[in-house]
Amino acid sequence: MTTMTIAKAITAGLRRVLEQNPKSLLIGEDIGKLGGVYRVTEGLQAGFGEDRVVDSPLAESGIIGTSIGLALRGYTPIAEIQFDGFVFPAFNQITTQLAKMRSRSEGRFGAPVVIRIPYGGGIGSIEHHSESPEALFAHTAGLRIMVPSNAHDAYWMIQEAAASQDPVIFFEPKRRYWLKGEVDTENPAPPAAAAQVVRPGRDATIVTYGPLVPVALAAAEAAQEDGRSVEVVDLRSVSPIDFDTVVESVEKTGRLVVTHEAPTFGGIGGEIAARVSERAFLSMEAPAIRVGGFHMPYPVSKVEDQYLPDIDKLLDALDRSFAY
Amino acid sequence: MTTMTIAKAITAGLRRVLEQNPKSLLIGEDIGKLGGVYRVTEGLQAGFGEDRVVDSPLAESGIIGTSIGLALRGYTPIAEIQFDGFVFPAFNQITTQLAKMRSRSEGRFGAPVVIRIPYGGGIGSIEHHSESPEALFAHTAGLRIMVPSNAHDAYWMIQEAAASQDPVIFFEPKRRYWLKGEVDTENPAPPAAAAQVVRPGRDATIVTYGPLVPVALAAAEAAQEDGRSVEVVDLRSVSPIDFDTVVESVEKTGRLVVTHEAPTFGGIGGEIAARVSERAFLSMEAPAIRVGGFHMPYPVSKVEDQYLPDIDKLLDALDRSFAY
Amino acid sequence: AAHSPAASGAAGAAAVVRSAGPAMASILNRVLAKPPVRKIAKELGIDLSKVRGTGGGGEVTREDLISYQAQ
Amino acid sequence: RPDAAAQAFGITPEDYMLPTRGQIQIIDEQGRVRPVAEQGTAPGHEYPLPEGPELLAAYERLVVGRRVNDQNSALVRQGRMAVYPSSHGQEACQVAAALCLREDDWLFPTYRDSVAVMTKGVDPVEAMTIFRGDWHGGYDPTRHKVGIQCTPLTTQLLHAVGVAHAAKLRGEDTVVLAMCGDGATSEGDFHEALNFAAVFQLPVVFFVQNNGYAISVPLSAQSAAPSLAHKAVGYGMAGERVDGNDLVALLAVLDRGVELARNGSGPLLVEAHTYRIQAHTNADDATRYREDAEVQAWLAKDPVTRMRAYLREGGLLDDAAEERIAAAAEATAATLRAGMNAEATIDPQD
Amino acid sequence: RPDAAAQAFGITPEDYMLPTRGQIQIIDEQGRVRPVAEQGTAPGHEYPLPEGPELLAAYERLVVGRRVNDQNSALVRQGRMAVYPSSHGQEACQVAAALCLREDDWLFPTYRDSVAVMTKGVDPVEAMTIFRGDWHGGYDPTRHKVGIQCTPLTTQLLHAVGVAHAAKLRGEDTVVLAMCGDGATSEGDFHEALNFAAVFQLPVVFFVQNNGYAISVPLSAQSAAPSLAHKAVGYGMAGERVDGNDLVALLAVLDRGVELARNGSGPLLVEAHTYRIQAHTNADDATRYREDAEVQAWLAKDPVTRMRAYLREGGLLDDAAEERIAAAAEATAATLRAGMNAEATIDPQD
């Protein structure tokens, strides 16, 4: 058991991948000498050399496209996209190539590329540095999408991602990079595809992942004071989604609130609300309520607090749910 | 009143735009001499010259990026992307630039670019020629998304798109290009943002748009034989969505089936199911049921019929709904 | 066989099936009912948990409400 | 590094990178060897004539390639295939692209490169599966080291660069040949691929078949560069232009390019001037955008006729060999017919 | 067309396109005019020395630009702005990029180009809004013909090309100057922008500030080209290299480039060699990837010192002018302080 920040847990996980899988390599912008703009790859080039930790030219499509080629020859490339807002130049390679390789090759080649993306808002940054594009990748069949919310998961899930035979988009909740937590380097976390009930409750279920898990927990805590027992589910994997765990929870509680930072409209919360409402239909005391960003470009930092889901918005959603 | 195919209705609409708005121009690959691979721009370069109907170099990001610049100087560029599967090289320009221009310029500049995309499956084609990426654009705030399902709408909606002060992604249901219909060139269609009840019914509502509207109508017809009166709503606009019309229908019928060709998982059907289920919750006799593609890359043409939503799948969905 | 499923990767790996379905829900004393029935119950001031459900899995139906009222 | 290669040729690095002012042509349109001074090379940069047996073997593949193109077009007309982008007229490029490679070298083709794919060893029927609608791929890319044909233009170039990167990391001396058309050079991924290959000094030969059109769009609306080979300069790699209907010149240029790449000179860009005699695909109507006179002029430069004339003239090809080659072509055509006429059963549940 | 321009200079189109082997430098590091033969030009391609008043006015903007950079860095340290990517050391490029344009010409900057934006006429406080978190834009792009700073690298280059396309369609003789850094040249949109501009022969000057680094990544890991200006060749446009700390050379080269573009010669690519003296942004730690000695060497080439030496030596700058200029710089700094210290109120409902 060691206490680590989420950022350093990922660093440690990557170090372990590089140690254990000689075919693994990191590639991205500024990940070498600089150690990445968030220092997540700090020390790794010094430790493993320039062939294993590769500073690439400044071109995201190039990073992902060449990673596919590396994977075809047995390598496990772990690519870094510097910020969420800069993954889009690589969107063509990700959706038309990476995601479809397994299908196109009749299962012979799964394109095991990992794409690490620091994502989400709340860091007071300028445009394009606070995006939550996970729904775009979730809707693209052929990708796994993992989002850790704590240091222990981060340490283990990045290793799971690197071991996956399918491509993985690994979203790192950047505003939680400095969140500390206990990491048990001996006992693996459950597989990413298994959602976790991180707080049990009886009266309502909040489903979320990544940066909003602490917010959901805090809201549940606050709701407790009103005598409401709220269960919180951390999805951990946004594609596939562990609907069984969510449905089981909602069949018990009868109420569902889903929250993510991405705009509600067309977000993955719609998938969760729709699927769970279908499967748990007769148990629903109230409609599934979604709390997400507004349907607008991510706002300037001065007002991002009003844009982001927070405890008050979750409590309000719970109120609306309990009003039925 | 004239009978036209959807393809030729769009041609006629584009012609009218070019005639009436001297600042409008078409740009894309092979749209000039060739008239586009689907001949939608046939005859327009001959009629309006190479400055108004521009064969661009083969680069989608270039097409959209320069269209933004043209729009900034008062032009109305109507760009063609040759096939749905080839819009992704332009994804960065569309999501980080085109969609955000209005917000970035504090409303001073709305980036009135239209992007025409022949889209969807059922044409027996090879990979990347049968995609339905509308959900990816719907989740991207700042874009309007229109999808005509008949010749009259096609004729008028392309003109509405060209007049829009916001960017519009105009999805053309390519397997219906040759579907004929009456076009009234005197009386405009209702605005795209107004969904239309294209078949009234009492017992259930099918919501769809574009290529599946005829399928939904046929399913409703077949259901009638079982004594079920099914209402069909043609959304026409996928962003924004006219929820009022859908909610009104579902409050009346109590049952909702949503169908599109795109994979169900993370599709816009989730948004519709979730939002309508929330607003019409107490009227829902059954959960919203979605009928879409499987969560897999679009399959080879030999089996696409099994992939695509069809009458049987819709009837089955209705059965499941009525089983509650 | 020759063609392995395209997206089995993404779709097939969901966690072990743990949901026990409505049966479990009734054990947990969660009343099963569709929203309009809940609405009627509320309007009539009926506590749904007092109503015996005769529908599938113990679902409370409109008829159940009527017979409960008749009691 | 280009510098080293330039030194080997006794020229400046800049002259090494700058494509020769004209194109390399070794055999003229009548099938005669051109004088060395007129072959288009810069001094110090002359190409040796490939050996007779290599040329004869290449000619066989050329004839087979032509037969494959025509057979496939026929199969499309008969409804056995959905679509076929024929390389009729470009077979010299197709054949040379595969023959310049060793078995363990990699080829990254596009949709028009079925003949190259087969020439590299892929089973003809498997190679055609993609156009039949049975599966998006068709063959195992690792078996013959042939990437699956990519439709989104130039995406495959980056995969090729990644494979070359892997070769470098593994310390293997394999080379990767990556193909695209003239129109495709406008895409962003073309740029990123060349740049990555140059920065990491990877063994990639980029081979652009410039057939003058991207569907209907002529080269003049695609690029204002003196030639597509000139694009090499901007990445610090060497560019070369070659007559794409001259199989001898193609082999000479590609053989040396592959050798240079194998020996660590970094990537190269080779532009071949050729022409697609038929429409873009069967769904296209080429009369809308080009004149018949242009097609006729290119028919006169046919790569097969020309190579045959040269080989017969030089006594490298006799009647017996011609018969053998014709039989081989027929055999491949028969295989294609049989394969495409057989009903494939696909179980979508599978 | 490049051919016409080449003819005007009495050189071949290829020589016109190929960047001169060295860079254009008119004033040396001590502020002395170099002999014409040593300025790096090709024969027939010499640059006239810009006139005294133009140079003095430019020097004023240079001094103001330096003050703006340092004031903004201070405001960041004081927490009045979230982030500032300073162009300290690159001010000669910033100033020349704006001054070479007419009022109705367009400028397309990136995040590091705030000084160019202000020099083109945008209100300093509005120009800084983007880094303050008040709004993603800050100014009206159409007022001073300045595109909104784009963060996703090179997206703005295509917008610039579109604006130039519009100018051509409108029959206007306006020119567009589009800026990016050395690292940004690796992006696909850079390629597509240059190609569109060249194919449509649009009046765009692409201006690359090569400061040797993309955050931590040195140019050698970004490109293997002989120079970034050489990339012009692959698009059929002219490229030129210039000392980016020599304001005189920058004005000479950009003035002519703009004039050529205005007169229909098509687009050009100008690469300026410069250096970012400070870290990438305040959030960066430059000591991780570069040596102090390197920074010191570049400090000796400081564009402000050098220009001042030249102007004083030539009697173009006297004490009175220096005082006036210093006061102008202070005034701008005061404006920035006042603007950034004022609390902006944003109503998110608005």
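Order of writing sets the chain letters: A, B, C, D and E. Residues in each chain are counted from 1.
Everything that follows uses one rule, which is that a contact is a pair of C-beta atoms (placed from the backbone, for glycine too) under 8 Å apart; a residue touches a chain by one contact, two chains touch by 3 or more.
Because the structure is predicted, anything quoted here is derived from the model rather than measured.
Asker: What's the chain with its C-alpha centre farthest out from chain D?
Answerer: C
Asker: Across all chain pairs, which one has the most C-beta contacts?
Answerer: Top-ranked chain pair by contacting C-beta pairs: A-B.
Asker: Compute the distance, rounded to whole Å, between the mean C-alpha positions of chain B and chain D.
Answerer: Centre separation, chain B to chain D: 39 Å.
Asker: Centroid from C-alpha atoms only, then distance chain B to chain C, rounded to Å. What do you get?
Answerer: 36
Asker: Just the number, please: Cα centre separation of chain A and chain C in whole Å.
Answerer: Once rounded, the distance between the two centres reads 31 Å.
Asker: How many angstrom lie between the centres of chain C and chain E, each centre taken as the mean Cα position?
Answerer: 66
Asker: Among all residues of chain D, which ones touch two or more of the remaining chains?
Answerer: In chain D, 135-136, 152, 186-189, 192, 195, 199, 221-223, 346 touch at least two other chains.
Asker: Two or more other chains in contact with one residue: find those residues in chain C.
Answerer: In chain C, residues 2-7, 10-11, 34-35, 38 touch at least two other chains, as defined above.
Asker: Would you give the residues of chain A that are in contact with at least 2 other chains, written as numbers and ranges?
Answerer: Residues 57, 59, 61-62, 85, 88-89, 92, 96, 100, 103-104, 106, 127-128, 141-142, 239, 279, 281, 287, 297, 324.
Asker: Which of the residues in chain C end up touching chain A in this complex?
Answerer: Within the complex, chain C contacts chain A at residues 2-7, 9-22, 24-25, 28, 30, 32-35, 38, 57, 59.
Asker: Under the definition above, what is the set of chain A residues touching chain C in their complex?
Answerer: 102-103, 106-107, 110, 141-144, 165-166, 191, 193-195, 239-245, 247-248, 251-254, 279, 281-285, 287, 324
Asker: Given the complex with chain B, which residues does chain D contribute to the contact?
Answerer: Going by the criterion above, the answer is residues 82-83, 111, 130-136, 151-153, 183-184, 186-189, 214-217, 221-223, 283-285, 288-289, 344, 346, 348.
Asker: Using the touch rule from the top, collect the residues of chain B that touch chain C in their complex.
Answerer: For this pair, the touching residues of chain B are 254, 265, 281-286, 294-297, 299, 324.
Asker: Which residues of chain D touch chain E in the complex?
Answerer: For chain D paired with chain E, touching residues are 2, 13-14, 17-18, 21, 186-192, 195, 198-199, 201, 221-226, 230-237, 266.
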